[in-house]
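Each of the next two complexes has subunit A plus one more chain, namely subunit B in the first and subunit C in the second.
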Partner chain A sequence: MEKKGRSQSGAIWFRFQKNKLALISLVILGAIVLAALFANVLIDPELVTTTNSSLRLQTPSAEHWFGTDLYGRDVLARIVYGARVSLTVSVTAVFGALIVGGLLGAVAAYFGGHVENIIMRIMDIFMAIPSLVMAIAVVAALGASTVNLVVALIVARAPQFARVVRSAILPIRDLEYVEAATACGTSHRRIILRHILPNVLGPIIVQTTLQMGHCIIQIAGLSFVGLGIQPPTPEWGSMLSEAREYMRRYSFLVVPPGLAIMITVFCFNRIGDGLRDALDPKLKN
Partner chain B sequence: MSETPLIETRHLKKFFSTPKGLLHAVDDISLSIFPGQTLGVVGESGCGKSTLGRVMIRLLPATGGEVLYRGENFLAYNGRRMKEMRKKVQIIFQDPYASLNPRMTVSEIIAEPLKVCRICPDKESMQKKIRELMDTVGLAPRLANTYPHELDGGRRQRIGIARALAVSPEFIVCDEPVSALDVSIQAQILNLLMDLQDSYKIAYLFITHDLSVVRHISDEIMVMYLGQCVEKAPSQELFRNPAHPYTEALLSAIPIPSVRPEDKMKNVIRGELSSPINPKPGCRFAARCPYATSACTQQAIPLTEIAPNHMVACTKYQDKGEHHG
Partner chain C sequence: MKKAISLALALCLLLTLCACGSEAPKAPEEEKDSAPAENESVLDTLDSGTEGEAASDQKPLRFRLKTEPNTLDPHKTSGTGDPQVIQYQMYESLFREEKDGTIVPALAESYELAEDSTFIVIHVRQGVFFHNDTPMTADDVVFSLNRAIETGYNNAYVGAIDNVEKVDDSTIKINLKYAYAPIITCLSTLSTAIVSKDYVETNGDDILTRSPMGTGPYKLEDWVSGDRLVFKAYPKYWRGEAQIKDASIIFISDNTAAAISLETGDIDVMTNLSTADIPTIKENPELQFVTGPAASQLLVTFNNASGVFADARMREAVYLCIDRQAIVDVAADGYGVVQTAPLDSVLVECPKDFEVPEMNVERAKELVAEAGYPEGITISMPTIDNGTYSKPATLLKEQLAPCGINIDIQLMERAAWDDMVIYNTNYELAIWALPITALDSDFCASKFLGANCGGGGNFSNCSIEEIDELILRGRFLPLGPERTENYLKFCEAIRDNFVVCPIYTNMRNNAASAHLGGVYPSATLHMYMYDYYWIQ
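Let's turn to the complex of A and B:
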């Protein structure tokens, strides 16, 4: 069992690491994740929220690498802790969307007929609404909080997963090993979870990675307009929003959160692309 | 054959609705198979052989008719009784590449029916049972933890057979189990299937388009054409006295190793299969039949017994002699 697992994942890794941009992205993202995980070891949490009016709007220095913001808080500390917030929220939201959307897509593809039509048409309706507008609507209806933000993102993202999972399952659904499972009386649940989903992991992984990037942008966007993470919790989008007002005179303030968003999203997208190429069976030699 | 049949179909029908109309995949098939016997089903691609097999074990819902298992129509069974029934009827598939889950090891694949049907009370007995099954179908124990893609077609097909045997079925639908295999391996798998039949008294519905295979394994043979049974007879009788023009043509298509020109295929069928969608009444083979008369396309042609257990649906035999051609 291990033998094949290793050889197959080995082959995937071999193809993935040939894509240097994806590899570099993986390293950078790894660093960001580690920084977020060990933020409290690296930087005193006090720095994130302690305001000090004597230190307002300082330019970058040895003490404050990225300078200080309007309230005299260290920008570097807020960026690192912001990564924690962005990543936690986007991971939660994407996995939530994956479970909700993925199961809906799987059920739709597996049962077909009316079930499929009803589920997928509802997903179409959701997809017809731009996901940012959708998320804004959900947050506006439920009120702005981190939990509601996650709910909004799940609602906005789930249809994408439903579509991807459904289209991945369609060609597998009628294969004979699924029939064989039916022939010995396997329940639908077990067939979907044990026989079908493990065989569509590739597209699911790719989609999950790509959605992470989209999700981080959306969190930042919602926070930028004040509907996402609420201050004083550090978040890239809201930092950007605060810094925007002083952009003319203190332009150094917009650069760190902007770059943080850009780099993280870029990394997720590159890794997603790399994974897609590595997992795509058509490119297999 | 005085005992009751193990499995029997009565006027079994399966229609698929397509945008163009109803596709008659299985149209009014009645057959019976006795314990430990094999019914071979032959016919060209698309004649509904595989659909018949799948409807008989309820992998597809029937449009009409009954499937009796020891006299009981199990098409009407509800969920729980059907789950019990699933242990009695199994299927072996044609494509040993598509019929095994690529993410499972050999032992996981064989364990799956054991788990689902809760056959083994504990892990130990399950492992023992898996080893027994692998031994029965001739798979070396060392293959237990390999994945199907590492094995050749013959071994993969043995896994499929072991999986079907796991629940100790009494009836197995063999859906072209050897047509995807090399000739040398075909014989091994056929012999395995026949040995299993001898030891466990399993009845087979053996679907194939390969006549030499069907002759080798079947007690009785049914010839299908576009969803209908055109001829049914004991194996020897069918090969000796093919009655239906379609059967004749099929048999003459068996290659004979000879260089004499007169031994070349004499009776080649011309033309394409007519459409199975909303077929016209009468004999569906009429459009390609060298003996077709106007009587052939007037009304449905029933099966007539022309010799003991030899049934044929052809106007030639309906009122004997009249249309003899």
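Let's turn to the complex of A and C:
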């Protein structure tokens, strides 16, 4: 029932916007990203780390919309700046994992045989270890810092990408246009990067979006146990962890970081779902 | 057939539920009535408060601790805190620290300390029995002290002992390597607990790890790994059988979860109450809040020998920037006492109102510049991943920033921190709690003795002749004005050289059921269940 003459991306957008939940998620996520990008314009950075013992544990008010934490810092300011940290780290980590895992998966699927066996069995070993445990092991070995956190997340996430990319490439590896490219003497590198990967972009995009949500949860989890972002840098997981002790008397402290994590992850997952439907040509009506 | 299987499965489920329901709240020995049904055991939990009033001393005591120990062997225990609390119930030493901090003879009937403090003769108490009903003799005492020396865990307390000899069946003589005044205090620690010689020799040296054999008021009945230790009062205990006959120590690692258990009546007394929970406990008429200063203080320790803080000007800059009250207010929720002297505040020799340089950020800035960092410097600070340390670290970072010292907090687990800071002194500055398990200024001061550098004894790497002399002199002096004067000089020397920067004294925050009597805060965690009783 599509109109004729719509471009491919236009068609995808048309299918995506029919999924109202995904659309709303995109709007919310857009707002979160904008707030994170312009955090220093919206909120004075001083508010984020300046402690003030006379202002501690205040309930939400006109001055402090989400109240203040145990150090007397404004919770709203920390949530907004925390979005910056969570999003930057998860975007870097997911793209890192995408590049590492995606390339490994593509190489494995393209060459097959022993190469595939070796790469995928190594990936299987990595996947046998729960990704949070894997990330904890990496951070514990390298020491806790933001860079090491990204490395840990890449190591923990890359195997998932390798698997998805490989499974997407396998059915098109032997298609005629690949054979044609091979017959023309095109190099393996060019075939993988220019001929094959663009054709499996759909599943990769979906996987990337979904992984983004997982990644935010994992960063929060690692920070919650003290292995992620180091204090006093605001991060949703570490804010939850700090507020936990005070939860019974000052329950307003755990709500904002908890909701922030929940909403962001929900948005990523809904968008991922919407994209999956929009990108899958078999679901075209 | 299908029906039979589903019936069996349902039964299994019911059994599991039953087991879960009855396990948590009660000690196994308590059930005297015939086989309680599942419902009853649930009621038990709910009504434990009112039931206690009726059944008085028959009600079991449930004491919560945070961590389960690896071993119950008093001579092979490292670290302080929870392991000691457990062992105080089962073991005794020649002397005992009472709740007011005084040392009284326990398994020693009487003693004579040589005038020059180089040896001590001890008359061993008669009529004391081990939990296997064998009497304690001088042989057991000699064996135990020698064992304490040999295991190598107890150097802080037995390092001064040269050898132990048996004089006759009820007398022993302890020869010291050098005159050492705090020897009586050393002999009151669990490091010198008396164990049964026969029992250890018959069953092998490792038997004490899980099966203790002491002379204390409680006998270990069962150790449910990961859950609890179950005790029964030992009827032949020499001071008379304990008032509460059945007791268990329950391990709940989360402090807030433990506070909730106390409120719901699942436990009767707990240590390590989170400061965030104190208001809730205080408001509850069914509970009592028991607090007192700890023999432990939080301080900033520097690596005095190498790195940025080898320069005294940098250490002085930290002194000039610290706002101690702000740290107490936030990090300890106000439950702490500002501390300026490097001796724990509960020690008799700790100077009161000890003066330290006043806050002066401008001067601190100059000092940092003079030390060669006019643009400021960034330093990584290893910090134990636990609110006790990470909260003051966050505040310290903020307080030091204006003078140009930027701290990168590096959270790590305790073992990694111990390894990095204590054993390898591979750090610039760190926040540390200085705890002692027995009350003598020497145990605090020895942490700064030059000879103890390396190996974990003195990890501020401070080696200053003047300080060493004062520490060694303190060891010879008996309690009195001269000793107090000596330790005042020691505190001044530590301050004038900016060796460490004290922040505040921690509190021992405990909570208990209001029906439990005899609960007191102990600076050194000498918490004896023997002293507890149910209020009718």
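Odds and ends about this structure:
The criterion applied here is as follows: the second predicted complex is superposed on the first by the 279 of 285 C-alpha atoms of A that agree within 3 Å, B and C clash if a C-alpha of one lies under 4 Å from a C-alpha of the other, contacts with A are read in each partner's own complex, and residues count from 1 in each chain.
One rule holds for everything that comes next: a residue touches a chain if its C-beta (ideal position, glycine included) is under 8 Å from a C-beta of that chain, and two chains touch if they have at least 3 such contacts.
This is a predicted model, so every value here is computed, not measured.
In the superposition on chain A, contact of A:Arg248 is made with subunit C only, not with subunit B.
For subunit A, the partner with contacts to more residues, out of subunit B and subunit C, is C. When the two complexes are overlaid on their common chain A, residue A:Gly30 makes contact with neither subunit B nor subunit C. Of the two partner chains, subunit B is the only one that A:Glu179 touches; subunit C does not reach it.
Contact residues of subunit B toward subunit A in the complex are 54, 57, 59, 82-83, 86-87, 89-91, 93-95, 98-103, 105, 112-113, 116-117, 145-147, 149-150, 160, 163-164, 166-167. Taken in their complex, subunit C has these residues touching subunit A: 255-256, 260, 274, 276-277, 279-280, 326, 329-330, 333, 385, 387, 390-391, 393-395, 397-398, 408-413, 416. By the touch rule above, subunit A contacts subunit B in their complex via residues 1, 3-4, 175-177, 179-187, 190, 195, 198-199. Those residues of subunit A lying in contact with subunit C across their complex are 49-51, 53, 56, 70-72, 140, 143-145, 225-227, 230-232, 242, 244-249.
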